[in-house]
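Beneath this line is the structure, given in structure tokens, with notes to follow.
Letters are used for the chains, namely A, B and C, taken in the order the chains are written, and counting of residues starts over at 1 for each.
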Amino acid sequence: MALLEIKNLGISFGGLRAVDNFSITIEKGQLYGLIGPNGAGKTTMFNLLTGVYKPSAGTILLDGDNITGKKTKDINNAGIARTFQNIRLFKELTVLDNVKTGLHNRYSYSTLTGILRLPKYYKVEKEMDEKAIELLKVFDLDKEKDLLASNLPYGKQRKLEIARALATGPKLLLLDEPAAGMNPNETTELMDTIRFVRDNFEMTILLIEHDMKLVSGICEKLTVLNFGQVLIQGNTADVLNDPEVIKAYLGE
Amino acid sequence: MMSFISYFINGLSLGSVYAIIALGYTMVYGIAKMLNFAHGDVIMIGGYMVFTVVSTMGLGPVAGVLLAVILCTVLGVVIEGVAYRPLRMASPLAVLITAIGVSYLLQNIALLVFGSNPKSFTSVVTIPALKLANGKLTISGETIVTIISCVVIMICLTTFIKKTKAGQAMLAVSEDKGAAQLMGINVDGTIALTFAIGSALAAVAGALLCSAYPTLTPYTGSMPGIKAFVAAVFGGIGSIPGALIGGLLLGIIENLSKAYISSQLSDAIVFGVLIVVLLVKPTGILGKKISEKV
Amino acid sequence: MEKSNKTNFHLSKTLKSNLITYGIVIAAFLIVQLLINAGQVSSLMKGLLVPLCIYTILAVSLNLTVGILGELSLGHAAFMCVGAFSSSLFSISMLEAIPNSGFRFFLAILIGAAAAAVAGIIIGIPVLRLRGDYLAIVTLAFGEIIKNVVNVIFIGKDSNGLHFSMKNAMALNMEKDGKMILNGAQGITGTPKDSTFFIGVLLILVTLFIVLNLIHSRSGRAIMSVRDNRIAAESIGINITKYKLMAFTISASLAGVAGVLYSHNLSSLTATQKNFGYNQSIMILVFVVLGGIGNIRGSIIAAITLTLLPELLRGLNTYRMLIYALILIFMMIFNWSPKLIDLRKRFFHKNKAEREKV
């Protein structure tokens, strides 16, 4: 069974079909790319997948469960985590606390336990610290754990966002332009990290990206969106050599 | 029946004042995306200016209103330039707190200059009351002038925005500041103009309000100001016809509940209406839906 | 091994900061006690001690809503009002049933906190759906409604039990032995004066304990994540409504405790624009802003300083509100104006560079 199965998904804003008749199937463990020109509806797709927008047509199945039209937090609990095109960190929290907030639903004690500082508070907080630091190490952020998130350099902010998403223990990770604003060295490093996450966390990853080096370097399959519709789907090499795709990107 | 009509007309008159004040809120909110908490206090300053000119200097009411309009316009532009302009990029919380600060500042300046004793305001309206239905129904001159002023202001403002370049610039800035700037519109100038118009209207509202309710204290403006904001929200913030509808409805609701339910609870009822409106239709009667980009 | 050491260091850092905060309160209490014993405190100052505690609790609790949750509430005084009236009603009706004033006051505090918490939930559920300016104005509206409604409630007690009306005292239809408890706009008279400076300080410590421990816990992180980025918080599965309501309710409940202290410090209690109106709410907001939004220790210091200062400098009293207003405006422009931020950065970096040279 496929991990993610989207059938005929659609949404319109004031008569404009932003995404229309979108279908995709992603197998467990795949590294899948979603590409297309600006305004093609890629981020809208992510917003539909994570419940920020409610689709007007179609169904989304995650691991066989129908999650269409569910609330954002419930979709996260069902197993989808994401990053954002314009980074959305908890700026006034430390790097460590950003990740610990991501662990919120996996480690639990009551508010009263927290206020009264019962033994369970210390036990669970310690477990959370250990888990969070383990995640931060993957992204080479453990030395900055006590910095405020807003004080991190840009590239590390992007990484922290991925770490926070992973902390929720998702089945599917959505990355919205993870390499945006990075220099070529940082991008290469990011590619390694994404591969590492996929292999070590047995993660399925769907990413939006404009950087063709990253896309061709790590994505196994691609879907190209144009004007809210699927232009072509298939193996990365085939898709990138398709004349239709070249036309959509470069124009006539 | 006659008493109902009388309450209704008084409500219409109070509502007209709310509508004029609400215009200031709604235009500023539409364009600068901020709640100008100090708007109500500009009304109070306008009231004191009219009082000073008419009662202390002994000039006519027309001169009083005119000078108040000039003073408040300048005041509005200064407030915007000094307190709000540096905060254009700041969080809404910071801007609102600043506006509260400005409101307190104006109140306390008035307190220092004029003292806390209420001043009895001489009405700026000189036309006599209208007696209808064999004297059973009296409509005061203030009521007539207030309602007429409100109608005239609405027509002028709507024409100004539709027909003039500056009015169109206002619309453009309220839609998208960045794009308006790229189109060569002077954004800062347009925002200052909006504050100028809103404050000039506040001066007119101050004169009308104090003529109808002739006690003037440094806190005269704050409650009508808050209620007018309620009216603006009620009608749909950013919408000029919305301010008119919201203001009139609020004035009528307030006066009728004062008359038929409880004078002590009338404010509670007005605020209750606001809460219900915001919960049922958060954007007000004529408001546009605003969604956040993700 | 090294890892766990670091974790402990992190915990102890916040613990240290919290201990300093508690220490300031306890030190202030001890100093005042010493001065009182030495006969150095005027009766005017003694009268200010309980209000100081009240304002401190109000400021700390409002900071939970404004600084930690990130929503501007302009109705905080209304929760104080609910706490004050509910607890006064309780204390007066239980005057004979519970003769032990300490135990009665303890129960009164719980009742005030609970009543304000209920008000917080009732108001919070609709209000917290709104954002920014709308939320601020609606909390203001609710505050005014509570204050107005309290002014038209009449409660009396006679041999038949309690009587309730929203019209006037006559409508209670009481027997001859009937006694008014809450007399509309005339309020409540005869609340036992149970508030003391010691209890006030104790309640400040309890407030701090609750707020500081909440902030540094799982729920606290969730609340702050909603403040910092609502959409991101949702995307990692945080139940936004739950945590917003939690912070708002705890904040309201603590304001209710301040209200209990307030009403049990006065022989007659009325709801006016001055004590429970939005002016009071804004006053509390001034403390929070001046002490630093989100800075709990700052709130305490600001509340104490701003309450004492005008009393110490009597001459300034006329200008007090004027100065507060200017402080508000100045603080905001100082913190947010792009030009000033640039200036500060340059100054800071210059200093840092100089220090590094040395």
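Methods note: a contact is a pair of C-beta atoms (placed from the backbone, for glycine too) under 8 Å apart; a residue touches a chain by one contact, two chains touch by 3 or more.
Chains and their UniProt names: A = ABC transporter ATP-binding protein; C = Amino acid ABC transporter permease.
The structure displayed is predicted, hence computed values, not measured ones.
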Any chain in contact with subunit A as well as subunit B: C
Identity of the chain that, by mean CA position, is farthest from subunit B: A
Geometric centre distance via CA averages, subunit B-subunit A, whole Å: 48
Rounded Å distance, subunit A centre to subunit C centre (Cα mean): 41
Intercentroid distance (Cα basis), subunit C paired with subunit B, Å: 32
For subunit C, residues that touch 2 or more chains besides their own: 231
Junction residues of subunit A - those touching two or more other chains: 52, 84
Where subunit B touches two or more other chains at once, by residue number: 294
Complex contacts: residues of subunit A adjacent to subunit C: 50, 52, 71-73, 76-77, 81-82, 84, 88-93, 96-97, 100-102, 104-105, 107-109, 111, 114-117, 121, 124-126, 128-130, 133, 145-146, 164-165, 167-168
Partner subunit B, residues of subunit C touching it in the complex: 66, 70, 72, 126, 129-130, 132-134, 136-138, 140-142, 144-145, 148-149, 151-152, 185, 231, 282, 285, 289, 293, 318-319, 321-322, 324-329, 332-333, 335-340
Residue numbers on subunit C that touch subunit A, as the complex places them: 3-4, 6-7, 10-11, 209-210, 213-214, 217-222, 224-225, 227-229, 231-240, 246, 294
Subunit C contact footprint on subunit B (complex, rising order): 29, 34-35, 83, 86-87, 89-98, 100-105, 107-109, 111-112, 226, 229-230, 233, 262, 264-265, 267-268, 271-272, 274-275, 278-279, 282, 292, 294
